[in-house]
Amino acid sequence: MKTIRHALLIARKDLALELRTKESLNAAGAFAIVILVLFSFAFEETEQIKEIGGGLLWLVFAFAGALIFNRSFARELPNDCLDTLLASPLSPASLVTGKALANFVMLLAMELISIVIFGIFFNVNWTRHIGELSLVFALGTWGISILGAVFGALTVNLRLRELMLPIIIYPLLVPLLIAAIELTKLLLSNQSMTPNDFLWTKLLIVFDVVFTALAMLLADTILVN
Amino acid sequence: MDARNFTFMFYGFLAAWLIVMLYVIVLARRGARLKKELDAVKKIASHPEQHADRR
Amino acid sequence: MTSAIELAGVWKFYGDYAAVRDVTLNVEEGSCCALLGRNGAGKTTLLRILAGLSSFERGSAQLFGVSPRQAHAGFLGHGIGVYEDLSARENLHFFARVAEVAQPESIAAEWLERVGLANASDMLVRQFSRGMRQRLALARTFLHTPKILLLDEPFTSLDDRAIAMLSELLVESRRRGATIILSTHQLREAMVIASHVALIENGRLRHAGERTEAMLDDPGLLYRLHA
Amino acid sequence: MREKIAIGTAAAAAALLANNLYQMFMVLPDEALQGAIYRILFFHAPAALVGMIGYFVALTFSILYLSSKNFLHDSLAASVVEVSLVFSVVNLVTGSIWARVIWGIWWTWDARLTSALVCVLIFFGYLVMRRAIEEPTQRARLSSALCIFGCVDVVIVYKSIDWFRTQHPGPVLDFRTGGGKMDPAMAHIFWLNFLAILLVAVALVLVRTRQESTAREIDSLRRLAHTAA
């Protein structure tokens, strides 16, 4: 209970700071829009786009996500705020969860903008399976966010932090991205899910649960030096 | 079987051992470098006053 | 007298290099212990261990019988520990909530008044002068009335007004029974406030005991004794 | 003493390899469908196995480090990952050459190939991160955490194989098929060669671990000189 309350406190503080400075949202949003525009020049036919749309979207999310995650713990560095938080009653696990929550909200906002632009540029109607699509987005985004928070914490004091984070998280995200891409592709091409596709949903859930648990477990190790 | 098949097998074996050999060379070079560094730093640690300005 | 802080045989390593070596130290409840020593002697590392920011490899550390992570001491390190893009009020609200005080809003308002920032409470810290930041940091450190205070070089880089405020806060904290450990270079100030002194050299504790009258008259005495 | 063990292990590996090579080329016939090229399997699969085993040995050492704070465990974990990575690369390269002959392509995004590649990328990231951290205690702590995340991810990647259409030959080893597809004479050489490659890996790990200790000694002497001066 206390962990959740503290996590919400951190998430709220981070979102308030982000809304004020817009450091990562501006960068991530601009990046997503530019990539989508560039891709709309590269691909013209709408049939083709339904095949690769899922992959395109999730790669944009993963890359824009890295911009958000890099700031996540780096935001605590000026004035040694990270030390202050760790010396307070707040547990490292709640700190990581709070950061993941803030990442999750920011990334989802970015995803919403991206998919609207995607729909307009590529003339794809993505609203037909909006319920399932939201579920897939939420599950996939949480997985990315929790890993982003953990490895944001892990790399926060390293040289070349901005470079190190993507090198580490992208390989780890492969199973999640494969599953999310497969499902998104399916939902965009207007097919309904077969039992076989539920396996991908299951993979997303397993990924989220396993890595959230691992993050809680290792938060102390990662943050207390 | 055909000679081409055999050539590729030869390349495969060659590549495998070449990679391992390459790693052994990297390992040996790193070992030599570490040894040199250790000697240098030992010298500094035993006479800190002479090297105080070189840090 | 009960011990507020108990360190027993604490070792902290950076690789094979020991930054803190076999430190055993008891600090009585209600006392104020000045941690002395040269730069790099291990003062900051020791304070970070007590604040629960650093782990250690051997020994045990307890604050009122619990681990440093659970003791929630008031900690003031080298940085001021407040957010540049939040206002003074938002900062104190946030840290009051994190510290789980009963009425975060009124406590925050009270402390803003106390450190003389009531008029600037809705300004962003980014726009503050150095003195204002330091006073906000003091409010942040003391606002949950901690039973143990860990202050790392608190007098360095403080301006006169903040030094006066800190001294007042320390006196008041001791009056309510709080235990204080502070590391410092400023021997004269330290000797006036401290009831106990501890000297660290190369990670080892060289001296720990009460601050004597002789030390008050001659702050450099301890250093010369252990030279 | 440590060096003698390393040299002994390497010598044993060399002798065993010489024997295996003789058997492979002089005794075993070509395979009916694939011809001579199938012999790559004797290196390809053991390299994959040694790599995979290595990552989980490194996981064990990482967990051990976190509970014991003994740097030997950290050194072992780092060494094992590095050596495993070498064999994983051997695995990928030999597999690619085999695929060029049998499938006519160097690479395909098959599940097993993908997961092997992902594995290499994860642990490559592990080594890159180690280089970016100078303070040994912090390095040991953070890389142990990364190793745990990496290994769990490898398991998830590997599990998702079943759900992905696959082009890779199915299992041929006894313990996975529950009754051999492989000729007993071939299986015999296969396991002997696995042992040989494992011995090479152990020898390399021993040398590498020693270097890690030396590096740590250098670091602590530097810090000592730094504080003394």
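All chains are identified by letter, namely A, B, C and D, in their written order; residue positions are counted from 1 within each chain.
Criterion: a residue touches a chain if its C-beta (ideal position, glycine included) is under 8 Å from a C-beta of that chain, and two chains touch if they have at least 3 such contacts.
Keep in mind that what you see is a predicted model, and the values were worked out from it rather than measured.
Engineer: Could you tell me which pair, C-D or B-D, is linked by more C-beta pairs in contact?
Structural biologist: B-D
Engineer: In terms of CA centres, which chain lies closest to the overall middle?
Structural biologist: A
Engineer: Can you check how far apart chain B and chain D are, centre to centre, with Cα atoms defining each centre and the answer in Å?
Structural biologist: From the centre of chain B to the centre of chain D is 18 Å.
Engineer: Indicate the whole-number Å distance between the mean C-alpha point of chain B and the mean C-alpha point of chain C.
Structural biologist: So the centre of chain B lies 48 Å away from the centre of chain C.
Engineer: For chain A and chain C, let me know how many angstrom lie between their CA-based centres, rounded off.
Structural biologist: Between these chains, centre-to-centre, one finds 38 Å.
Engineer: Residues of chain A that touch two or more other chains: which are they?
Structural biologist: Where chain A meets two or more other chains at a single residue, that happens at 225.
Engineer: If you go through all the chains, which pairs of them touch?
Structural biologist: Result for touching pairs of chains: A-C, A-D, B-D, C-D.
Engineer: What residues of chain C sit close enough to touch chain D in their complex?
Structural biologist: My answer: residues 13-17, 40, 57, 202.
Engineer: Within the complex, which stretch of chain A touches chain C?
Structural biologist: The contact residues of chain A facing chain C are 6, 9, 13, 16-17, 20-21, 78-81, 83-90, 224-225.
Engineer: Applying the document's contact rule, which stretches of chain D touch chain B when the two form their complex?
Structural biologist: Against chain B, the touching part of chain D is residues 30, 34-37, 39-40, 43-44, 47, 83, 86, 89-90, 93-94, 97-98, 100-101, 200, 204, 207-208, 211, 214-215, 217-218, 221-222, 224-226, 228-229.
Engineer: Mind pulling up the chain A residues that touch chain D in the complex?
Structural biologist: Chain A residues touching chain D: 147, 150, 154-155, 157-160, 164, 167-168, 170-172, 174-175, 178-179, 196, 199-200, 203, 206-207, 210-211, 214, 218, 221-222, 225.
Engineer: Touching residues of chain D toward chain A in the complex: what are they?
Structural biologist: Its residues touching chain A are 66, 114, 118, 121-122, 125, 128-129, 132-133, 137-138, 141-142, 144-146, 148-150, 152-153, 156-157, 160, 163-164.
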